Amino acid sequence: MSITYLEAIQAAQDKALEDNESVYIYGQDVGSFGGAFKATKNLAKKYPGRVIDAPISEDAMVGSAIGASAEGMRPVLEMQFADFSTVAINQIGNQAATQFWRTGVPCPITVRLPSGGTEGGGPFHSQSMEAIYAQYPGLIILTPGTVEDAYSMLLEAIEIDDPVIFCEHKYLYYHLKADRLPHKNLPVGKARIARAGKHATVVTYSAMLHEALLAADGLKEEGWDIEIVDLRSIKPIDTDTILASVARTGRLLCVSEAFPWGGVNAEVISRVTSEGFHLLDAPPQRLNAKDTPIPFHPDLWKTHRPTSQAIASSLRNLLRY
Amino acid sequence: MSITYLEAIQAAQDKALEDNESVYIYGQDVGSFGGAFKATKNLAKKYPGRVIDAPISEDAMVGSAIGASAEGMRPVLEMQFADFSTVAINQIGNQAATQFWRTGVPCPITVRLPSGGTEGGGPFHSQSMEAIYAQYPGLIILTPGTVEDAYSMLLEAIEIDDPVIFCEHKYLYYHLKADRLPHKNLPVGKARIARAGKHATVVTYSAMLHEALLAADGLKEEGWDIEIVDLRSIKPIDTDTILASVARTGRLLCVSEAFPWGGVNAEVISRVTSEGFHLLDAPPQRLNAKDTPIPFHPDLWKTHRPTSQAIASSLRNLLRY
Amino acid sequence: MAEAEIKVAKKESSDPASQYRAAFRYMLLARTFEERTASLYRAGKIVGGVFMGKGQEAFSVGLALALDKEREDIYGPLIRDQAGRLAFGEQLIDAARTYLGSVKGPMRARDGNVHRGNIHDGMIPMISHLGSHISVVSGRLIGKRFNNKSNFVGGVCIGDGGTSTGAFHEALNQAAVEKLPLVVAVADNQFAYSTSTERQFACKDLVDRAIGYGFEGYSIDGTNLDVCLETFDKAVNRAREGHGPQLVIGHLLRLCGHGEHDDASYISDERKKQAFGGDCLQIAQQHLLDSGISNKIEISQWTSDIVKQVEDATSAAQREPGPDPFQETWQALSTSHLSEGNATT
Amino acid sequence: MAEAEIKVAKKESSDPASQYRAAFRYMLLARTFEERTASLYRAGKIVGGVFMGKGQEAFSVGLALALDKEREDIYGPLIRDQAGRLAFGEQLIDAARTYLGSVKGPMRARDGNVHRGNIHDGMIPMISHLGSHISVVSGRLIGKRFNNKSNFVGGVCIGDGGTSTGAFHEALNQAAVEKLPLVVAVADNQFAYSTSTERQFACKDLVDRAIGYGFEGYSIDGTNLDVCLETFDKAVNRAREGHGPQLVIGHLLRLCGHGEHDDASYISDERKKQAFGGDCLQIAQQHLLDSGISNKIEISQWTSDIVKQVEDATSAAQREPGPDPFQETWQALSTSHLSEGNATT
């Protein structure tokens, strides 16, 4: 048997609906249609009345989920694309994220964001919004990069008593496969050494994990052992695991598909340089998408986002330092 | 004569309306009432039909400004509080910011955000949103920290052919005074050495500039000379001026009132460590607001944001390193 | 205590006269309390904005009195709903604590003034972004439906200006699609801050929006307590009985500045003489006297009771401690082990 | 070239028969072109989504033909407005270029497919977020008013699903307050992706929203070209003459999937047989024949001309170069000296 990243997301929702009566799913076309990407396939039929089509009203979708959560429900929202969550950012960042701190009443909602670029996605169906949400206090931001994490972290997200922004990567939906779903997995909050190495550390997450792994394979042939840290969650960030890796390698490259200003890479570098300055044998480097909207044309898109080639080239520079 | 930061903003809008027929002002209560903070005082009367009250529709406010700019207008929008621009973030980040890159047609709109904390402002009237907007390609983000900059940079903002997010600090509105308005000033894009020193560099902007200056005054008595860089604009960031300062002092503390994750401090530290790693004699440090919503109560608020005391204490640690 | 007595009057009696008497006393209590907050604000004892419901108490109390906490009704007040909050069951001391920064208030001094609420008690603590609380109230109703409850209603307040927000629209449409028992009370007080309604909307009456959402609609004189009580009673009952969402527009005038920092000099005296320009509290008092439902002596007794209540609450709250920054956890998450604390500073 | 000929017919003649003939040919051109893009999509030659206007061409062309570029009218099409785009003056080659990734297209391959437009030509290049282009069209009208222009109109398209967005609401309300000459065309094609209208709104007919905004409203059979032409003619004229914004709801059925990746199996055959389920193109063709406005021979000549035009445009666009990443400036700002370029990478 083999299961895709997308199927893992469907399976996690299936299990959550099965295990917990308080779970329901709400989003555009998630009902009998099964969602734009089929992440809720068959669920409406299997759980009548609990997988509900929403009008094109992202603000009201989130607002109502916040209210329902106060009645003991655990809503799972699907945004059709991460990009469209922009019109719900007020409910997410100002209403959901502040509720526990203001009132002491937790707000257990999960917002699924189909994120990241694909060929032909263009400026408004390709965004990686994790770093925008991460600026808001009161949110947990998950960025699974493997089939196993997509499954176990979504299940955990639904159980967590705080609002979770679940950034699943569209590029991985069909491309990524695993043999089976995990029974146990690293918990949310822990980063994973996705590849052990000794010459440099790459800190990355989501689809870029796989570009980094490819780059490391290539560099292996040149005699370099690259260690790769998969962040898994970008808020919180598992700084200890990163520092331990940098302590081993002395070199740091951060890779993210998001826009360059601020964001995960800058946050990781700031933590490492502030807490592990002495561990670094070379200036920490980062690689992001370019500072323009995300291009439609595949040739432009491939240049806009970091690729394994670009990562390898950055690593060579870093290793030569 | 003496003129406040707020009066400087009013004066800049007055001059822009006077000098350029294409300028108009649009925002809630900006008309005969003169705006919630009186930043458009008298302007509706002086420029009939060009200073217009908007309904409580921030999304439509920005959308219409984008359209009007394509007709040669140069709209200046007032958000009543920066926080409320959240519901316009889609028009700002996805519509205005992408237009030039997608079409080649510039989008000269200015969005004024009364930003930052004041006593009793609470979670929704105190936000510093500059680092959220800075993540979007296609925006220029200005953060004036002096009366002179408030004036000259707002005039420049209105002339710039790209969307400008003008983050004016409410705490400075009445507190900050200057003798006169400048005829000439540093252009947008250049940082300013607000205080020369040799033992450590503080990079900051907006209201925190004044906390940093106070801290530096205090440390002077302890024998330390602190250099202070006022960023003035946080996108673009004048990396050269920062690096030159760090080259002089060997020590870096970044201070911002915004939430801690990512943001200006992380971006500055990433640039400095990547390009000026060898200049640093100590790990770069940062000081932000805490990672919770902004508290209502003045005593909590003072602890939540960085103050001159907190800055001085961070600096002492940094200097002892 | 007079406050408790008002509540008894509300619950125990459904005869119109007692209801009217109770409603009037909530209005008077709200007015008196708000006037006290205004003077505390002017004295520098309250920070942040002080927004008064002066002129809207009848409309505000009308909705809240029609709601029933025992049936788990939900209430979503806004900035001018002191009267409604009290009628829904808010303790005066909690209002005073919130304004005065007591750490014992429901928001623990983290949030202030009109932003208070009590989620478990069914009173939504509004955030400032107008319109955004409506879908939260709807969500409460959706949640109750999932939990197989019935007979509940949600009542939510908004101003004329708030109807221009996208959030308002999405929430009303969603409520109609879900056929929720939601009553939306729009206090058309002719102004949003300084902006009068001609610059806010272009329909004749906001009730004209009801049909476009599939709501049942009511347009009423919001200065007339009788009309308010009757209309909300009807609307809440219709919602409870499954007739779907209800839109009630109350026509009235804001009899104060937007906040206490605003002298409202832009509101002309003529405006106050026009239709719906009157003071609902005075009108109600006159009605009490004219109809013989009450009398001068009783009203003056109520008044002095209320003044004392207000005095007691504010002075008690003032004696309570403010928050201690060093006792704060400074964690925005309930899941402590995922909270980063100061990782980033 | 037949395309140019169609345009002449539009401009020169206001007699209904010629207008109908011109409209029909735009519809046929749009249908033929979109069917070609669909097969190119299936062949893997087009990336991104392909969304067809099948069944909506009459409604789409109706608005666009009523607009007049010489009066600086503005047009804000959406994903199913190929017919309207062509009638407004879009060159077929530019459409083909955008789908096929030619760098010579108006979006230079930076953006694709339905997201094309031409700002200087008055055609708004939509972003994906539904509803957000309406206020941009309004802004164009506000800008023209500031520039003391007159007689201009803005026409803007949206679907039934798009009416649920906050952006839609804010824009319509704003247009009404500003009394803008804006015509909002809502193609109620019974579905938003897979979601049918009962899950989208709860009023009887979306035209019921007109009164709540202060718009003039029209609810029409969107499958009948005659009705579409006449209604939009009237609505555009009313807007031009200063009667303020107009809302036109067209009832019709989406005769294809949401996009070409979607087989639309959720749309039942009965639905297609119900009112407004017909194919506007077939209906118009029948009308041409029945009324004698055209005849089989002419229509078949038009058809073969159009097939050739479409073939020419798509094969020309396919021969054109794609973008060269190394020639790109990768700058999102027009102010080069403030552009950071790769400062951050």
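Note that the chains are named A, B, C and D in the order they appear, and that numbering of residues resets to 1 at the start of each chain.
Keep this in mind: contacts are C-beta pairs under 8 Å (C-beta built on N, C-alpha and C of every residue); 3 or more make two chains touch, one makes a residue touch a chain.
Worth saying up front: this structure is predicted, and the values here are computed from it rather than measured.
Student: In how few steps can one go from chain A to chain C if every step must land on a touching chain?
Tutor: The fewest touching-chain steps linking chain A to chain C number 1.
Student: Report back the single chain whose CA centre is most distant from the CA centre of chain D.
Tutor: C
Student: When the C-alpha atoms of chain B and chain D are each averaged to a single point, how far apart are the two points in Å?
Tutor: The separation of the two C-alpha centroids amounts to 40 Å.
Student: Distance from the CA centroid of chain A to that of chain B, rounded to the nearest Å?
Tutor: 30
Student: Averaging over Cα atoms per chain, report the distance between chain B and chain C in Å.
Tutor: So the centre of chain B lies 36 Å away from the centre of chain C.
Student: Counting only residues that touch at least two other chains, what does the list for chain A look like?
Tutor: 54-55, 57, 59, 83, 86-87, 90, 94, 97-98, 101-102, 123-124, 137-138, 235, 261, 267, 270, 286, 290-293 - these are the residues of chain A that touch more than one other chain.
Student: Multi-chain contacts only, two chains or more: what residues does chain C have there?
Tutor: 107, 110-111, 115, 127, 129, 164-167, 170, 173-174, 177, 199-201, 331-332, 340, 344
Student: If each chain is a dot and touching chains are joined, what shape do you get: line, ring, star, complete or other?
Tutor: Graph shape, chains as nodes and touching pairs as edges: complete.
Student: Quick check on the complex: what are the chain B residues that touch chain D?
Tutor: The touching residues are 22, 24, 50, 54-55, 57-73, 87, 90-91, 94-95, 97-106, 137-138, 140, 160-162, 188-189, 235-237, 239, 267, 270-271.
Student: If we count contacts the way the header does, which residues on chain D are in touch with chain C in the complex?
Tutor: 164-170, 173-174, 176-177, 179, 198-204, 206, 208-214, 244
Student: Which of the residues in chain D come into contact with chain A in the complex?
Tutor: My answer: residues 46-48, 101, 107, 109-113, 115, 127-130, 161-162, 164-167, 192-195, 199-201, 266, 322-325, 328, 330-332, 340-342, 344-345.
Student: How about chain B: which of its residues touch chain A in the complex?
Tutor: It is residues 59, 83, 86-87, 89-90, 93-94, 97-98, 101-102, 123-124, 131-132, 134-138, 235, 258-259, 261-267, 269-270, 273-275, 277-278, 280, 282-286, 290-293 of chain B that touch chain A.
Student: Flag every residue of chain A that touches chain D in the complex, lowest number first.
Tutor: On the chain A side, the touching residues are 28-29, 31-33, 36, 53-57, 59, 81, 83-84, 86-87, 119-125, 260-261, 286-288, 290-293, 295-300, 302-304.
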